[in-house]
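Below, chain A partners chain B and then partners chain C, in two separate complexes.
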Partner chain A sequence: MDNNLGIYICSGCDIGKSLNVERLVNTAKDSNKPVVCISHDFLCGPEGLNLIKTDISEKKINKLVIAACSMRAKQDVFNFDPLTIHTERVNLREHVIWISPSNDNNTQLLAEDYVNMGASRAKKAAFPEPLIQDLNKTVLVVGGGVTGLNAAINSVKAGYNVVLVEKKSNLGGFPYSKYKKWETVPPFDKNIWIKEGLDQLINSVENSEKIKIYKNSKIKSVSGAPGKFNVEIEASAEDNKAEAATETIGSIVVATGWKPYEAKKLDYLGYGLTPDILTNVELEEFYSELSDKGKSDSFGVVRKSNGDKVKSIAFIQCAGSRDENHLPYCSTVCCMSSLKEAALIRKNNPEANVYIIYKDIRTPGEYENFYRKMQDDEGIFMVKGAISEVSYDKGNNIIDIKVKDTLFGGDIDLNVEMLVLASGMVPNSGDDVLNQEINLNSNSAQSASGASCPPSIPVSTAQVAKSGLLNLTYRQGKEMPDLAYGFPDSNFICFPYESRRTGIYPAGSVRMPLDTVFSVDDAKGAVLKAIQCVEQTSKGKAVHPRSNDTTYPFFDLPRCTQCKRCTEECPFGAIDEDEKGTPKYNPERCRRCGVCMGACPVRIISFKNYSPDIVASMIKSLYIPEDPTDENYRILVFACENDAYPALDILGLNKINLSSNIRVIPVRCLGSINNVWYADALSKGIDGILLLGCKFGDDYQCHFVKGSELASYRMGNLKETLTRLVLEEERVRQIQLEFTDYMKLPEIVEDFVNKIKSLGPNPYKGF
Partner chain B sequence: MKNNVVRTDNELVKYIKEVGESNFKKCFQCGTCSAVCPLSTEDRPFPRKEMILAGWGMKEQLASDLDPWLCYYCGECSKNCPRKAEPGELMMSLRRFLISAYDWTGISKILYKSKYAEYIAILIVAIGVLIEWAVLFGLHPAAGATLGNAVSPDKIDYFFDWPITVFLGVMLTSFIYNMFRKTVLSDKNIKIPLKLYFTEAWSLMFNFFTQYRYAKCDDSGEQVSKKLADGKYNFWLTHLFLMISYVVLFVGIVFFLDWFQSENSMPYLHIILFDYFASIGLIFGTVYFVIKRLTKKIERSKFSHHTDWMFVILLFLTAVSGVLLRAAIVYNFTVSSVFYIYLIHLMILFPMLVIEVPFSKWSHLAYRPVAIYFANLKEKAKSLNNVEIS
Partner chain C sequence: MNELNNENPVLIIGGGHSGVSAALEITEAVNKKVYIVEKKSYIGGRVLQMYKYFPKLCPPFCGFEINTKRIKSSTEDNIKFLVSSTVEEINKEKDGSGYKVKIRQKPQYINDNCTVCGECAKVCPESRPNDFNYDMDTTKAIYMPAISTYPLKYTVDENYCKFTACKKCEEACKYGAINLNVQENIIELKVSEIIFATGWKPYAVEKLDNLGYGKFKNVITNVMMERLAADNGPTGGKILRPSDNKEVSNVAFIQCAGSRNENHLPYCSAICCMASLKQALYLREKNPVSSPTIFYIDLRTPGRYENFLNRAESDKNIKFNKGIVGKISEDNATGDLLLDVEDILSGKKNKFRAEMVVLAAGMHPNIKDDLKGIKIDGDIKIDIDENGFIFNENFEAGIFSAGVAKFPLDVYMSGQSATSAALSVIQHKVKL
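This part shows the complex of A and B:
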């Protein structure tokens, strides 16, 4: 491969006024021996761009270093074919002149270092070879409820074939069995209850030629990768009529919905004392029964205990929800459904008094209109309060509810004939595997990995093993990993629908508690993701968040020591193992974060344009002055490209000064940092290393879920190395940074620089 | 401690909704209303407490509640309510509810519920007056009769004034006793020493004649002179003027009717002057309130129930017909015209007295000061009890 390096330095946007561009060109020439090295005062203009294009065609430049603005700017202008031309953007504007004093020697040194780093990376970088394949694009929808039906029909509308698997004998899911539901169209204030909607949808799904439906079926196993999933479908336990089948699938939408929270656990609210105490789901079933499966519209609600018409009924909201001992979250639908139930009781039993005891009424958005309507009903009485006791007076067949801390300013007692416990939703995301089994698995994994490798997964990331839903044949487990409470791991705000299994997208109430209205939109969102996945994958391009990336990690397997770190740490379960523990990489499942590259102790994993070697050469290209003055301290900053790097850009936009001691290397994820880089940097004479990455923990913001946490965990191992080298462990620091934290950056950097200064210069400087 | 089991009453909620325009069911119990109320206290956290009691239709607690009478509808609560639930209007509705709760005859309840019932009731009384008049004086004055012969003041006294005085006395007394039973005696936690009834009687008189709580509706802390100049006391002073005028005229007519029927325009200077001013007070006051109710610019007058209108209109017509009658007598109109004007005046006056005073809005004249008196009694008794305990 020819390495025809062209360095183009822009002097526009005040770069020329703040730096000695001539000197910059000369040092770049001296250090990097490029074919071309010129400056231009308007590189992104037609003339500047033409200059580059002419050089590409005439001088066969294939490694471009564009020292101008941030790589996040002008992407449309400096847009060259990535398969034949490597474009390296050096950020002289946001990261140099906008945050450093003008015409200052340290600013000049900073710019020179960045140009050299860019040039060394460009020289080493190879061109990506995308894996273009003809893949299957069928969407598998698991679950035939509201979300599943909508996912199926919308996939078809977008032109994709669908395989729909439903465990029951009929489509429609939970809402199908309900008597009536609330309005599905805003503004929700007509105070009507509807039954329609589903039948039509079920019909169109059942009659669609592009949808293949497996009823009474469940998934036995899913193997493979996006575009070539091999899905085994078998009969669900209750029904043996359904036949086993195997389907090839492009991507999967999981719409398995929810199940009600176990009612037995609500005995502290009186469940089980009398048949008149029921859960909201049981009341729905009772309604369905009373109405003769919705055929009759006029019927009275009667007591289950004696068949008398109900005269008083109470609803306890958040029964076992928003409670650390039960379901710690809000299920979002119980407030609306209790209000609807209350309205139906008032309609059927006009003389009845209905009490609703709540923690908070949560009827978000325009649902508020429905709440207000119900609030105005003279027979519905609502109060905020906590339940202190529910008892049953058998003699009088009356339920006594003691409510404390009410907004009435005290405790109240209610005597009612019926009590409904509005309990929450539990996601159908697979069943927990017994603990014993997990222990066995992890023991065997450890013994196989050998004594030399400590377990590489931080304790907090350990997952409760699950199975029974998708039954993936992945090395990391049978189901999508959970985030919390059984919901699949995904960042709700940054990337909804994503799971930690590429090509598998949860939607509807298995993803988060949702009602039918919101599930419809959720289904569409997940379908778009599923389609995006098969289309991108077939072009060899990555899906979110490194969309369009065509690089892949390359595993130099002959040198592999079977330590299994990559297979364990891959946040997306992209890497399986053979019996010996050698990684079996699935490119279609890969998100290109580089966590495997960071994990590998023998550095056999690399990308064409991002590898331990490339970053090491970037570090080597730095000029490290030996004279130990304040301005000669050198701090290497590994900045996450997703949040930390943009934060630095925003700081630049705001023209806020930052220490000129720092040298920033953008990384795909902090999880892709290989520990060898620390050694490279420290032996080069770098005085301190700062990692700027995303927040981790329960409310993580890492785009690759575990990257920043893994970086932090691996630093534990690093500390031993540092101690051995008689270097202070404080020389390496990781900071969790949100995009919006850019204003904190000067202080963070200043603080770290001062710390390093107090430790003194790196003793290895000049070796 | 054992809680009281809450009893809710849908019908009551419906009734309270019907007798006013408060959206009290919209309340989510934030407490803003009581926080901004200048009159509400820690022991009497109205109107929030009433919002809850009304929203839940807690009949017993509502019937024993004195707080609606302690509210003078400054409207701060309604202005600040985040749910536009109109707590001020609820207090008004509750006063209507309480009037019907004290009234053991059940008439008030019907009058408040239906405006047609009220029209019919007024018509019945007016026709009753007509029949009584026809029996006493005939439908025409006898030819050549003097006014004294045609409409004998003694007969008016015997057959109109004194019976109505007795009727109103009996009615109001029994209603007030009913109120006393519901609001004071029902409270088993408080024993009121006999002495207190006398020592606290001043508050009854003071509040009856000053309506001082109106002044407290503005707690801005400005100088009294500034408030006066800014018109912040206008409503109170007009209301007071109207009430005093009414009392003066009522006493005058019942006990000194002779003087009104005297042809001498100024038989007893002080009395007549007083009554002339009282007539001005009635007309000025009713016109002022009608304007307020029509313009709806202040919270107090934003909503008008049919009983509110009926009350001011009857009062205004009574005053106007009374002035006309007096003018006719003084300026020596023909006996027959005085005869008819007199009849019309009575046909307006009596429905006003019979319907409005015991069964409708006018009864607040009695209930308000009495409620303050009862509230003071309870408060004093409570503090005495507390002292004894400690």
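This part shows the complex of A and C:
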């Protein structure tokens, strides 16, 4: 490959006033031997741009260094075909002149270093070679309930084929056993029959030529990657005769729904004492069966224990939910469910009294209409309180409920004939096998506010302790990693469908407690992500969060030592391994974060435009003055491209000064930092290294999930290296920084620079 | 799905979180053109004015940065933005192929040459109330609307710029980026689908006479509280009350200010409980001696958000009072507020003194008001319910909604609804 380097230095936006641009051009020429090196006072204007374009066509410039503003600005102007031209942006404005004193030798040295680093990277960078391939685009939908049926039919409507796998003999899932649901359109204040709509949906799915249905079936295994999943399907139980099959699949929607919380664990609320104490699901099933027998208006009329007419019935809300000993979360649907059931009882049996005992009534949005209507019903009593005891008087066949902390101030006793426990939803996200979470001792990093982070955060990098649902053949475990309580990711507020297994998207109540109304929407969203994944992947493009990135890591396997770090640490389970432990990389599962590159101790993993060698050459290009004066300290900063780098930009926009001792290298993720860079930097004479990256822990903000946490963990190994070199471990520090923490940067940097100064210069300087 | 390319584009009205999300989800799945019409001069919407998102307490700019990167890195360049623009007319095409839409774009005084160097604002002699900070401070009449915007450029406030009488900014700009003589643009587009992603505004809480907003300086709204807490807000992230810039510790949060009230917003705005819990935590973090009190009817923290409620409840300085605030009056001497509270749990009537009151103003969907300004061909059915939401999509017509235009939703669920709307658009394309 020809390397025709062109360096273009903009002197606009006061760059020319603050720096000696002539000197900058000369040092850039001397250090980098470019084909072209010029300055212009308005590089992003038509004339400046034209200069570059002319050089590209006449001088065959294919490695551009644009030393001007941030890579976040004017991207639409400096926009050249990435497959034939490498564009390296050097940030002389936000990261140099806007945060440093004008016409100052240190500012000049800062600019020169940045230009040289940019040129070094441009020279080493190769062009991406997108992995364009014909891929299978069939959507596999696991689960034939409301969410699964909607996912299937909506995939077809978008033009895609579907394979639907349902473990039971019939489609329809959980709600099929339900009697009625609430109105699914505004004003949400009526009850409607559920079965009619569902029957129609089931019919259209069953009659669709584009949907292949496997009933009585489950997934035996899923191997491969998006666009080329190999899915083995088998009978869901030994006693059914469903035949085994294999399907090639593009992407997967997991719509396995929920199961009711185990009723026998609700014995503290009287479950088991009498048939008249039953869960909300059992209530629906009981009356649904009667209705199937022709007694269509029997809901809430017949008493379960003796067939008499019911006179009083109570609901206990949050039976098991919002309780740290049971389900710590709110199951979301139970308030509306109980109100709906209360309405049905009152309609069919107007003499019955209904009591709803609750902590908070949760009827969000326009569902409030339904609650308001119920509040107007004189036969429905809303009782805010906590249950102190439920007992059963067998002689009188009466249930006694003691409620404390009521609105009336005191405790009350309720005697009712039936009691419904509004029990919660548990996601069907696979069966727990054994918990092999590894506790990796992460070393403590400080947060921007100065507080120390939790010293030890369990990094579950490898095992996912579940099975039985997708049975992935992935090296990192059989199921989707849990976020909390069995619900899989997403942990991202802006990106609700982010999943840690590329091409596999959970939907409906397996993902979060959702009612049928919102499960339909959720199914559609997940289908969009599923088809988007195969479309992007077939064009050789990454999916979120590095959407459109056409680079991917290359593994130089002959040099691999089978240490398995990459296969363990990939946050997305993209890398399998063979029997010997050699990585088997799946580009279609990869999100291009570079965590594997950071993990590799023998540096065999690299991207075309981002590699251990490229960054090493950037570090090598730095000028390290030997004279141990304050201004000659050099601090290398690795900054997360998404948050820390923009935070530095915004500091620049606000023209707030930052120490000129620092040299910033943007990284895809702190997790992509290879430990060799620390050694490179320290042996070069860099005095300290600062990592600016995302928050980790439960509320992690790292968009590669584990990247910043892994960087922190790996610093544990680094400390041994430092000790061996007789260097203080304080010379490397990681700070968790948010996008909007830019005002904290001057203090963070100054604090670190002072620390380094107190340690004195790097003794390797000048070697 | 390249064959879809030659059809008419999709129109997305509203460039907030939902609109931008829908545009990205569509264009990353199919090679289709999307036009986003946004009334402000930048995209990102109201969420950018939030200090942090619940429940993670992470800054909105983080996700927004990823979204702008997704836009910039797209090689197909399929997302077009019309900022400072409003839709004026929607006419149904007789052949059923979609809609002809007329869009009015305010004069673009600043062109793409702008480098955000800031020289213009330095010389601008005029100032304006800063709407990004809910008018709690001012900017120059030529200004950057937020710390990071897309498109990245300055904007001119027509109501405060003196135009030809001044022109100092034009003279100061070295890049020919400012032209105060440009005219507005009228843009006509033929589109085949429309997504309403028109978002919301805080309910006009001055209509709640008894709560004193507008009369008493230290009664503010929840959206203002976000700006007070924000490091890039009018107080640099210190929670200071408006009357005397005193740092507050005793703050009352009043839930359902307008919501769940048949005379105001009959529905529950769904986000305010989480928002107030979040703001109570802001206060606790910024001021260790602070003691927020939350007055509520029901605490609504669905699903995993229950964790967030537990987190707030575990802080003993945060008090919860299931009670209705009947009336607020002001203590003239101190600027403090006196609340008449009916404690629902005890039934007692109490007085409560607070240094500042934050009203949890409900979400008022914009679409009903927006549609008043749009001339619509009578044949088009936009199914707006009595509360002003478009919950039902009109698949045949290709009219969809996302985010708070659809239902009172938080950011997470807005993203979900935008993704779902993106699929609807693709399905409609397939059918055409």
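The working rule: the second predicted complex is superposed on the first by the 710 of 767 C-alpha atoms of A that agree within 3 Å, B and C clash if a C-alpha of one lies under 4 Å from a C-alpha of the other, contacts with A are read in each partner's own complex, and residues count from 1 in each chain.
Simple rule for what comes next: a contact is a pair of C-beta atoms (placed from the backbone, for glycine too) under 8 Å apart; a residue touches a chain by one contact, two chains touch by 3 or more.
Note that the structure is a prediction, hence the values are computed from the model and not measured.
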On chain A, do chain B and chain C fit together or clash when superposed? clash
Winner on chain A touched-residue count between chain B and chain C: chain C
In the superposed arrangement, which partner chain does A:Thr332 touch: chain B (first), chain C (second), both, or neither? second
Have a look at where A:His95 lands relative to chain B and chain C in the superposition and call it first, second, both or neither. neither
Chain B versus chain C as contact partner of A:Asp14, first or second or both or neither: second
Taking the superposition on A as described, I'd like to know which of chain B and chain C A:Thr363 touches: first, second, both or neither. second
For A:Val383, decide between first (touching chain B), second (touching chain C), both and neither. first
Considering only touches as defined above, state whether A:Arg591 meets chain B (first), chain C (second), both or neither. neither
A:Leu407 in the overlay: touching chain B, chain C, both, or neither? Say first, second, both or neither. both
Could you say whether A:Arg372 touches chain B, chain C, both of them, or neither, answering first, second, both or neither? both
Tell me which stretch of chain C runs into chain B once the two are superposed: 127-135, 343-351 or 379-387. 343-351
Interface residues of chain A shared between complexes with chain B and chain C: 361, 372, 384, 407-409
The chain A residues in contact with chain B across the complex are 351, 353, 355, 361, 372, 375-379, 381, 383-384, 400, 402, 407-415
Residues of chain A that touch chain C when the two form their complex: 12-14, 42, 44-45, 69, 72-77, 82, 154, 157-159, 185-187, 322, 324, 328-332, 360-369, 372, 384, 405, 407-409, 484-485, 487, 491-497, 512-513, 518, 521-522, 524-525, 527-529, 531-532, 535-536, 543-545, 547-549, 642-643, 646, 649-650, 653-655, 695, 699, 701, 703, 738-743
Considering only the defined contacts, which chain B positions touch chain A in the complex? 2-6, 8, 10, 13-14, 17, 23, 25-26, 28-29, 45, 49, 52, 55-57
Give the list of chain C residues in touch with chain A in this complex. 1, 17, 21, 24-25, 28-30, 51, 53-67, 69-70, 72-75, 112-113, 115-118, 144, 147-148, 152, 174-176, 230-232, 236-237, 260, 262, 266-270, 298-307, 310, 322, 344-347, 385-387, 389, 391-392, 407-409, 411-413, 415-417, 419-420, 422-424, 426-427, 430-431
